[in-house]
Amino acid sequence: MRDLEELADRLRRFAQARDWEQFHTPKNLAMALAGEVGELLAELQWLTPEESSNVMDDPESAARLRSEVADVMIYLSRLADVLGIDLIDAAHAKLDQSDKRYAVETYRGSARKAPPLV
Amino acid sequence: MRDLEELADRLRRFAQARDWEQFHTPKNLAMALAGEVGELLAELQWLTPEESSNVMDDPESAARLRSEVADVMIYLSRLADVLGIDLIDAAHAKLDQSDKRYAVETYRGSARKAPPLV
Amino acid sequence: MRDLEELADRLRRFAQARDWEQFHTPKNLAMALAGEVGELLAELQWLTPEESSNVMDDPESAARLRSEVADVMIYLSRLADVLGIDLIDAAHAKLDQSDKRYAVETYRGSARKAPPLV
Amino acid sequence: MRDLEELADRLRRFAQARDWEQFHTPKNLAMALAGEVGELLAELQWLTPEESSNVMDDPESAARLRSEVADVMIYLSRLADVLGIDLIDAAHAKLDQSDKRYAVETYRGSARKAPPLV
């Protein structure tokens, strides 16, 4: 079983082994998360919408995207662990709100209102 | 079992029901992810390191943090689904590299080199 | 004359009058800058390239964009002031490098290589 | 005179000479801006508040900070030019609001309310 909990455990042990927990404040980890998202944006910034939709067709681009998305996941997982937040539970709690807030019949296909997830 | 796959499925169905898949290009989703990370930063930006470490002690702050972290998770999950990336596998692949790159004996407690995870 | 120096002065006095200089570390200001850029992204994230190019045609959108761009400018100005960096000089120094690095004849119209400014 | 207008002119000519204006939509430029802010955050993310306040004392750190701040300025200038926004005027308009919103006597030294600029 490779799941979120196992990933958080691995990151915790990684930091402990190097005595790096001292640097892993929520503030610092949120900055690192933002830095990694910046690198992800850089992979997509000059692409047309269509090019961005096909970005995984090219093996080199796919490898870079996979790497950047992984980095974001790693810092998000570490941050959530430090904060004591269950990522899956927290996401579903927000989506329960979204289900009520964005009724299907009202929002279907509407581009007038920016289409969010949350 | 509530796991990452179930979350991705829920997000996909949420978007399909509202005909919002047309907006969910990798480019757009990466921007939305970055926007949510910006909101997360805003919760932590004026705190001292110590205050950020204790941010979950206050129920109101904790609720806001939980909400912002959830939003980041939601867009990351949706982006990974659209790109066909397995978040857990991709994260472990990066950490396999980090294990080799940052040998425990060399990097232990070192603040000279910025302490990363990846 | 309303220039960058005058703006930096106004921000410095604004912070001094409220005893907020204590919060204006480079680290905190960079986070605030990133938070404001996140709000700017949120204005543009679901737009097509064409819609984004016409975003100033709608008075309400234009006002929001103007406001978000201003917020970014404000934190960038304040950060540069705290760091003692002249924004204009620093930008030209980078562009001097870009002039050499991206020769017109080599890069003209090329979309293969991501078209940067710096 | 080296001012904001001259910088915007130089960036416009730089893009025109390489036929890169086609890539410089507000959406793409905002993403590039966010990417550069991410690199700036990466320079500061593991520093203590005190270390971040002294970051310009080390010549190598100072050069990197100057370079990253310049990149942010460059994309902000280009974005504002494409949108037709005067950065200085827009910033002062926001600060006129802040002057009213954050009365000195109410907010002086207060850390309870997050100390903003805008």
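Just so it is clear, A, B, C and D label the chains in written order, and each chain counts residues from 1 on its own.
In the analysis below, a contact is a pair of C-beta atoms (placed from the backbone, for glycine too) under 8 Å apart; a residue touches a chain by one contact, two chains touch by 3 or more.
Keep in mind that what you see is a predicted model, and the values were worked out from it rather than measured.
Participant: Where are there more C-beta contacts: A-B or A-C?
Facilitator: Greater number of contacting C-beta pairs: A-B.
Participant: Whole-Å distance, chain A centre to chain C centre, using C-alpha means?
Facilitator: 24
Participant: How many angstrom between the C-alpha centroids of chain B and chain A?
Facilitator: 3
Participant: Mind pulling the residue numbers of chain B that touch at least two other chains?
Facilitator: 23, 27-28, 30-32, 34, 36-38, 41-42, 44-46, 49, 111, 115
Participant: Chain contact graph: line, ring, star, complete or other?
Facilitator: Drawn as a graph, the chains make a fully connected set, so complete.
Participant: List the residues on chain B that touch chain C in their complex, please.
Facilitator: 23, 28, 31-32, 34-39, 41-42, 44-46
Participant: If you look only at chain A, which of its residues touch chain C in the complex?
Facilitator: 27, 30-31, 34, 42, 45-46, 48-49, 111, 114-115
Participant: Would you mind writing out the residues of chain A in touch with chain B in their complex?
Facilitator: 2-4, 6-7, 10-11, 14-15, 17-20, 23, 25-28, 30-34, 36-38, 40-41, 44, 47, 49, 52-53, 55-56, 65-67, 69-80, 83-85, 87-95, 98-99, 102, 104, 107-111, 115-118
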